[in-house]
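Chains: A, B, C and D, in written order; residue numbering restarts at 1 for each.
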């Protein structure tokens, strides 16, 4: 089975944070980037061939993924390939939607002649065993299996909802139904029998009935054509971090000692690419509580219920509370940061304040400079 | 110094051979692909950071380059990055010409804050010490140094010609002059002081005087602005393999035991990515003369003055003469191939003929099937 | 999820006396084979193709050649973020009457077995040419009735020596003992003997138990002895391997196995199977066949330069065969040079042997003449450097 | 073109008696340092930062920890297509009255020196904390008058022992001999001694000549002796190294060097210099500081979980400090656990030491208390397992 991670979106709901980088490359939890979860799930599930489809500001994502070795995805005749737009004799190949991105990269998929293709999204925080889903797909003799998350009926109107029969076969798909009939929300995770999907895609583009999106176009077509389509329910921590609010929320949940994601589980490790940075240094004046700190950090201030990513410097007298600071940010002295996300390489000058509220998280963009410049040392 | 290899062209003059692949990925000399020469030159010249700019059918090129380890270009804080088109908040970043491709990838270059940028073309066969050119550039205190090849005056009208003064400073550039004043042909190899080039490019796109091409736009502007621009003469084997004819010619020259390229020189190795294939097998019925054969080949026929690339199979009774066969081609029994190039994974059925002439090389495209199908075994 | 279903143990300390001088400075496992491989490529490829990522490797005295070849293990996908190759350095003190040495012997195995955390473990030799489908063996084991599975190859009694290990297989098909070939009766139909390949698969927990028990005894038993005894106690499933097989334990068998690769059927079956044979990559130029060359029924590595005549031979990388030279029925390793007009027949030239001009080197099919690594044979008298055995 | 300008020799066989039990199962070179490094990271990073790609590494008896740490060498860019790490296995037979052993000693060096094909060679120890700019040393050597360059660090005579090696520097600034510290007069102004760092740079051809000459003698001389004699014969350029330096040859120095990293100036200068210190990457979760934790003036690796109090300490990866536990002025290596309410002061806990609840472990600044790898200290009585020396 080959996996395709759709990592392409502009992620414009993340505002400043994704101005110059792709959403899956956004840092998470002090030591990770969002895509690490999908890539680690692949390795842990025995999926060793992964295409990462991306077209928006891919530099940082490329530098992060490199040859996939950090996630064990660098085997011979397998590995990670980053798939960006390109030109062919037929013209430019841009990606217009989830299904279209797969259509445009058919040649890549066919290099491996897979019987099954696993479609994933690159911007969810979760740990999932795709092999279990794959076994379900084979047991059900499905043509398509959709990963679904049971949500509360109250939340259901916000999702694409799968209505199933008693065999878990999907009989109806409703996008954001006002009156949901079920609570099974699509996670944007699909296992397709590749030859079948390929035929549907080729036919659709041959006939101008272009299937651009899996939710809008492909699933309805599968249901209409009576393709055996099943829902596979996932139980566990799952978070879409597509907005500032949800990204902050997920980071705060990550801080909880007993949070359901269980990052410390040695049976299901989450891998990432790491540089060899010096150990963190907590000075005489520092107070660090209820916090996560990683290598390369220098902490002279107070850190409370916050996450510091790699190489973050915090000067004396500064207070960081309920916040997430991304790698290489430099925070001067006597700064107050509260309910905030500070972007990579941002510089917060001495005495500056970055204060948000639980409902309106403050954001400092990548490389943004606030207040007067501080000594980077 | 950071190198940017412009590997983007459609290479339409290579016809069928570049229908589904980028020109730099085209096989050469049995065991190489064209871009191996530029990449190996970089490693041998001590250039350890290389961006490969490509937008046309990049799958095979990406699979070939991977993380650059095959060429020693996988060091920490350095390495090879394949740069394809992408989207940003400002819109889609497509590459319209050599200089424009550099402009669109400024963010990548700036990651390394280089003082100098070496611009290379990905489709030339040559061995060149870029470090010597770099030393020349510094000694001349140049803003731009152009690599030039002394050609015969008769050939000069086919090239971009640099006219220099007695200090080797370029005073005039003429594209394909009818009455050439000098024989120094531009090789499309440049060393620029990066901050200066960057300023020129940014200014040009800010003012709509878009500098798309180095030859057409940048060099004239540099000369007009009196930037110190020098010509560095290269002496040695150099071949542009942009046409079927020249690609065939270069392969035939490669076969010459004493050819000037000297591929066996252990002081300047040409590296490539290789799979571990079984040793070649020359059967009882084979005759192989004046030929190069590599691993994975099975030869039961006659090979005369030809090159067989990896994993090529040649059945009994077949004759291959003055030809170049690309990887994984399968040639049946009693086939005649003469003055031809056979593309990757092509299948030539029993008894088929592929016969060209010295002036009109026959070409079989990638995966093309000729004659009746043969047993692939 | 991706489990450590099975891990592997490869011991490079195999008897090499009958292979000298080819094994004077290398273990059997790094003997060059078939123009570009080392013998250890075969077990490592089988391991890699089965998705095994945890391998214990017991290094021989001359560990340099092993480490040069294996490096990080990336050629076999064994440099992964989990698992990888776990090497055990050579132990010089082999006086196992000393309880300290004995303890160390068992502890090495136990350390690995416990650390690997895999459900099954396979023990596989480094000195055989074979292409085993370990996944199939594992399935066979899981489906079998006995706690151990042993691999065998049916062989003609004429091709083996009476003391080699064979399986005693019961009517029910179980292995009840590992005996000497002379103690086992060939099967009635084909008159073939089920020869022990020295490959064992069992649950790791059983393996740990066996080593633990052995370590508590007052006398020493080698791994092979322990396994052999375990087969008698528990009985074993007999897995028949039907592919190409050659146990490389004498010069003659080494020579014959190389020559066997010149049979197209063997070449295709062993080297072009679905289960690829991986080896260390070398960056070499193409092999050049000059106008004057005549080459037939020959395997060649890359980087060679052939001006003379070659028949029925295995030629490794970067060999130079000068004009007028003739090589037949020989194994010529990497970097050898054969001078103009020299004749070489039924010979094994180890790496870097240089044969001068106009010399005649000739062994026999039964006793090929061997020149040791780097030997210089420039004059008639130097031919005496060759050994036949 | 990219030449092999300079290659390096790192010998991991350094005296370790005064560092036991920390060096009972590892060489000095793999002692953990400063929360996430091993001592050998410092020479290897210096080598890597100078663009050196050819390194000879002489393995110690306990080579496992070295190979586990170094692996393919890719963390230091030493897994390149040319060059790489060339390991020499440990040689147990050190009776150099035996000419065979003697020959092997010199041959190992000569093999590497000839194979590396570089113009210069640097010899560098594995047991010092330092951040040397080898490119600058090379330039200094090229500009110097003598065929050898030796590195020294000015040190206060009070901090050294009388028998340690110092340089005898002539008025002209040349090293004329390597003597014992007590035989060298401190400089008049600062009363400091130029202490030999054991780092030598010279032309490879001279190095080969030295080893060749030595191999022709009837008596054995070690590499350090040969180099020392060569300095007397040829004189040497004296390169003064001015950065952080600590020679780790006693427990006290090991402890003090770790504590010195808690001085912010040292931490910044050594670890955040332009010349990065590379080390093997480990995939670890962030370190968690609980609500109850109090941590000051402390270095920490990742993956730790802190509920108690930590002052003036160096805490490695994946350490657990329970609620109410207090750690001060200590070095706590990877995977240690300090139980609730326990107090640990002036201690060095090797990897995986477990301290139970409510215990009091206390050494002195002069004699920190050491618990060996994996020690379990669950009861009062177990505290006796600790050694002070």
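Annotations for the structure displayed:
The rule we apply is simple: a residue touches a chain if its C-beta (ideal position, glycine included) is under 8 Å from a C-beta of that chain, and two chains touch if they have at least 3 such contacts.
From a predicted model like this one, the values you see are computed outputs, not experimental measurements.
Each chain's centre was taken as the mean of its CA atoms, and the one lying most distant from subunit D is B.
Comparing each option in B-C, A-D or B-D with A-C by residue number, the pair that reproduces over half of the contacts is B-D.
One finds 47 Å separating the Cα centroids of subunit B and subunit D. Separation between the centroids of subunit A and subunit B, computed from CA atoms only, is 38 Å. Work out the mean CA point of subunit B and of subunit C, and you get 42 Å between them.
Residue positions 69-70, 271 of subunit A each touch two or more of the other chains. Contact of a single residue of subunit C with at least two other chains is seen at positions 81, 278, 283. Chain contact summary for the complex, subunit A toward subunit B: residues 10, 19-20, 54-59, 62-63, 66-67, 69, 79, 81-82, 84-89, 92, 94, 107-108, 111.
Those residues of subunit B whose C-beta lies close enough to touch subunit D in the complex are 43-46, 69-72, 75-76, 129, 131-132, 267-268, 271. Subunit D meets subunit B in the complex at residues 1-2, 77, 80-82, 278. The touching residues of subunit D, counted against subunit A in their complex, run 34-36, 75, 264, 267-268, 271-272, 276-281, 283-302, 314.
Of all residues in subunit A, those touching subunit D in their complex are 29-31, 70, 257, 263-264, 269, 271-272, 274-276, 278-295, 303, 307, 377.
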